[in-house]
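The first chain written gets the first letter, and so on, giving A, B, C and D; residue counts start at 1 in each chain.
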Amino acid sequence: MPIRRDSKGRYVEVELRRAEETLWLRCRECGELVFRRKLKETNHICPRCGAYFFLTAQERIASLVDRDTYAPIESGYASDDPLAFVDRRPYRERLDEAQAITGLNDAVVVGRGMVDGRPLLLAVMDFRFIGGSMGQVVGEEIAVALERAAELRIPFVLVVASGGARVQEGAVSLMQMAKTVAARNLLAAANVPFIAVFTYPSTGGMLASVASLADVTIAELGAMIGFAGPRVIEQTTGQRLPESFQTATFALEHGVVDQVVPRESLRAELARALLVLSGDHNG
Amino acid sequence: MVDDSAIRALEAKLVELRQMMEAGNVDLTEELAMLESKLLKLRREQYARMSEWDRVKLARHPERPRGLPLVEAMAHAFYELRGDRMGGDDPALRGGPAILGDHRVMLLFHHRGSTPEEQRACRHGMATPEGYRKSLRLMEIADRLKLPVISLVDTPGAYPGVQSEEQNIAGAIAQSISRMLSLNVPTIAVILGEGGSGGAIAVAAADRVLMMENATYSVISPEGAAAILWKDPSATPQAAQALRLTAPQLLELELIDAIVPEAIGGAHTDPKRTAEDLRATLCQQLTTLCERPLDELRHLRYKRYRNAGSARTPTDPS
Amino acid sequence: MPIRRDSKGRYVEVELRRAEETLWLRCRECGELVFRRKLKETNHICPRCGAYFFLTAQERIASLVDRDTYAPIESGYASDDPLAFVDRRPYRERLDEAQAITGLNDAVVVGRGMVDGRPLLLAVMDFRFIGGSMGQVVGEEIAVALERAAELRIPFVLVVASGGARVQEGAVSLMQMAKTVAARNLLAAANVPFIAVFTYPSTGGMLASVASLADVTIAELGAMIGFAGPRVIEQTTGQRLPESFQTATFALEHGVVDQVVPRESLRAELARALLVLSGDHNG
Amino acid sequence: MVDDSAIRALEAKLVELRQMMEAGNVDLTEELAMLESKLLKLRREQYARMSEWDRVKLARHPERPRGLPLVEAMAHAFYELRGDRMGGDDPALRGGPAILGDHRVMLLFHHRGSTPEEQRACRHGMATPEGYRKSLRLMEIADRLKLPVISLVDTPGAYPGVQSEEQNIAGAIAQSISRMLSLNVPTIAVILGEGGSGGAIAVAAADRVLMMENATYSVISPEGAAAILWKDPSATPQAAQALRLTAPQLLELELIDAIVPEAIGGAHTDPKRTAEDLRATLCQQLTTLCERPLDELRHLRYKRYRNAGSARTPTDPS
């Protein structure tokens, strides 16, 4: 999908990569070869041109959570391939490949941790895994995380990086919208705060379900936030899209997000929100 | 549609014989009965042979009973409520209180329109944020006035447009799902024609989900899937097959509860019967649901969607 | 206030008149002199040009309710003149005059009745009484009617003809917005339906409180429906107002009312709505 | 404003004497003390003599502590939430969760802006449907997260514009009043500057309504009342008097609960103290309110608004 841009906050697409194996990464914006370890220090922002590199779920977690406070919650589920779906390739193969590349069972990672000393339940999506699409496993993991947060009465934070529904799971993936919303209603009934962080991209069925129901929504600068893909909109309506269409700034102007922050401020922003929201653990 | 030249030929023959008989020359009663039975058999066979893509075309059939005309045929009384109370009204997603048999209910339904102008105004059943916010308002009223909610789903999907995005269509859909799941009244959704993606589930997260025999329910249209996954529009029938979007397939996947049978050839061949059958089915379901204690209903509803389409076996993440 | 018009449904202003004393009324639209009794038969529509005459509360009630089913509920309250307000004339004098002309204690009449055999609690405003403005008595009467409807569990119908708040009662009139909304919340909690009928005019504080919270809103053709007066809007913003601004059709297009009906269909429309809404008394 | 030439002269004299003393020539300690006491007396007298119209001008004083700067001075932490989730955000009506002393609360407040551009963007504190729908959203969150709601009211009124009408500003205000009255948390409103009509009551239907000493609260502006009732703009001061819109008058009418004292001369003469006093008052009120059982709170709230400004004596309708 074409990346529309906030004036600041440019995402650069990088190749799918295994989490730990590449030593150097090339910035597609300016061509700079950047040492991987260096990127960790810069919040995965290109030191030369300021472009944002895509984060893996683990990298995102490390960039947000207090050191040594993170504990994963593992459901151990992997997709059943409920439709036995085959397009040009079997879905099963795509799953195996994504699992091999990412080391993940699916497109979301769930765990507990602290931000600035305040506990939270965290679900972070990984765009490398079939575009961060929501199938039965993503739905299950997010529902588990929401239920756990409700039970423990600690705030739930969802970091979105999702192209939408997992097409290869058909109506099964559609059901995940209802599933995650049902679990979110449970969290809401337990009076527990819910913060969503929108990154690039936050679109489709993920945005049209649980992600839009957060109490607080924070957009990372450069995020793409929208329901339908720009191409679909142009084809269906013949409309020309505004320059800033579906950017974080656009979402702010149209009342969809509470704040837009550059990547380097995201952790502090989250801490600020948790400070006023997480009463039970208030210092 | 399926190749039906044999059927058409037989139909023509029947008309011919009837005319002959009416002209008074000969008694062809026996021959007519045989031919009619043959025709029925042919229709049944053809109907059974339909591919998924044929079903999609039946679900989209221009004469399929749907929208306001179906509601008017089905309900004893219907009072349409309009507007989201915030700036607009969407003619593609409609609703209002109605009487169905002995039941007072709140109806929600997509409307595609009959005339070309109406179809344009309704964007062929693609609802906007205004539509989903109206349906939210109607759910609120239903909850307050203790009216079970019945939704008739028939949409290619929510409307993808600049204004839809500006008005946060994603949020409107999410709110609609959320409110439907939290309603303190029984809820039934009927996938009537096309159940298209988020625009459908927005008003389909119900206690009971029924599907018309020839309806489809999918996360993406076959055309969309062919374009995205096959990168080839001619793969559309193949995509329709892969998506498992027909009623029998979805029943097998346990994503719907029951199938409402249609007349041989499809609901459009007998709109009156369609309305009557649907009303009867809904009334029966309502009677059952209304007997359940509300707590139980809400508990079962949570369980249903909490478990919908779950992976069955935990495996070690590699 | 200037009357903006739907293509049909033209209201004509008539002089303040005592309910029972004038035999003939002149149509300000076409000049026709119409026999009062004749007007009753035509739903107070000019037989010559079709213009709508303003209805007194009693006339409105008679036009809607089944014959011999209406029973007034009298609170017996009259305004205290809580601010001892004097502008160019004492408010007390205005009240006395309005009471003398209308025979009412204030701008609303409350009672029980039937429409097509279905019972309802009815509150009907009378524009002759200081422009149908809402002061402490209107607030009280509407609240009483709402409480009674909640208690009896029969639908509440409010027929609005109000220029807004009763300025001469200052913040006291402002409180009536909260009062009527509180009583409406009670009705809602009792699961009892509420229908509002908007006539000319339905504006200001009345529209911005209880009237907007009805489950079903029906506009009489020719109604004026809006929060701020057209002159105020033009002066504050310098905007030119659209031709149909604040008409019933405008309200329908902007999602504010469910239906727009000509005066002669109002009773049938109400019966239709009550049929589907009033379950307990369903034939 | 009131004529304060005598005060200004005395202030100038004081500055002169202080300079003389600092220059080291003479000890004027006693004279200075006398003059200061005289000045205070004058100020008190003048302050007491203020007409209703003077109060209106104080309430509107450009340097009056209000909006975001006041919130930032008052709260230990404040996290602003933006947007109605339906298409827009109104900078004239703001809010978000905050920490006030030992209390976590949900703040709502009008914001007029400091710079001319900001003032234009905020329409001088006149909120739109987007603003009231945002406040509705924030009330929803407050209810869910059990945060008491505190609103700081400072608006000439809701924004009268074509778009406001198109987006049903009346309905937005009505919904806001309704939701505020149904909240399952304690609520406090402070009339901070101008409490203008429907735009004010939309967020002021609270368990406790406080008024700053020099705030005003009215169904119409004095200018509006003069134009409508007197048909004469020069009658504005007279209208201000007739409307009984000052804090002491509204306390007497039992429409508010308490007055928050301001510094002599008005809150703007000591913004820091204003913020501190207001925080202290709010925290004290919160402590009291939070002790009450919720049922009792809601019962009292209903009674309060059910009886607000009622006619006292039933009389026979003539």
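Worth a mention:
Rule of thumb we're sticking to: a residue touches a chain if its C-beta (ideal position, glycine included) is under 8 Å from a C-beta of that chain, and two chains touch if they have at least 3 such contacts.
Keep in mind that this is a model prediction, so the values were computed, not measured.
Shared contact partners of chain A and chain D, listed by label, are B. Across the assembly, the mean Cα position most removed from that of chain C is the one of A.
Chain pair A-D has a twin interface among B-C, A-B or C-D; that twin, with over half of the contact pairs alike by residue number, is B-C.
Chain C and chain D have CA centres that are 33 Å apart. The distance from the centre of chain B to the centre of chain D, with each centre set as the mean of the Cα atoms, comes to 54 Å. Taking the mean of the C-alpha atoms as each chain's centre, chain B and chain C sit 42 Å apart. Residues of chain D in contact with two or more other chains: 85-87, 166-168, 171. The residues of chain C that reach two or more other chains are 212, 254-256, listed in rising order.
Shown are all chain pairs that touch, namely A-B, A-D, B-C, B-D, C-D.
The touching residues of chain A, counted against chain B in their complex, run 74-80, 82-83, 85-88, 99-100, 103-105, 136-137, 139-140, 143, 165-179, 181-186, 204-205, 207-213, 226-229, 232-233, 236-237, 239, 241-242, 245-246, 254-256.
Chain D contributes residues 85-87, 129, 133, 166-168, 171-172 to its touches with chain B in the complex. Residues of chain B that touch chain C in their complex: 77-89, 96-99, 104, 130, 134, 141, 144-146. Those residues of chain D whose C-beta lies close enough to touch chain C in the complex are 158-162, 164-171, 173-175, 177-178, 181-182, 197-198, 200-202, 205, 217-220, 225, 228-231, 235, 239, 242-245, 250, 253, 255, 301-302, 305-318.
Chain contact summary for the complex, chain C toward chain B: residues 188, 191, 193, 212, 215-216, 252-259, 272-273, 275-277, 279, 282.
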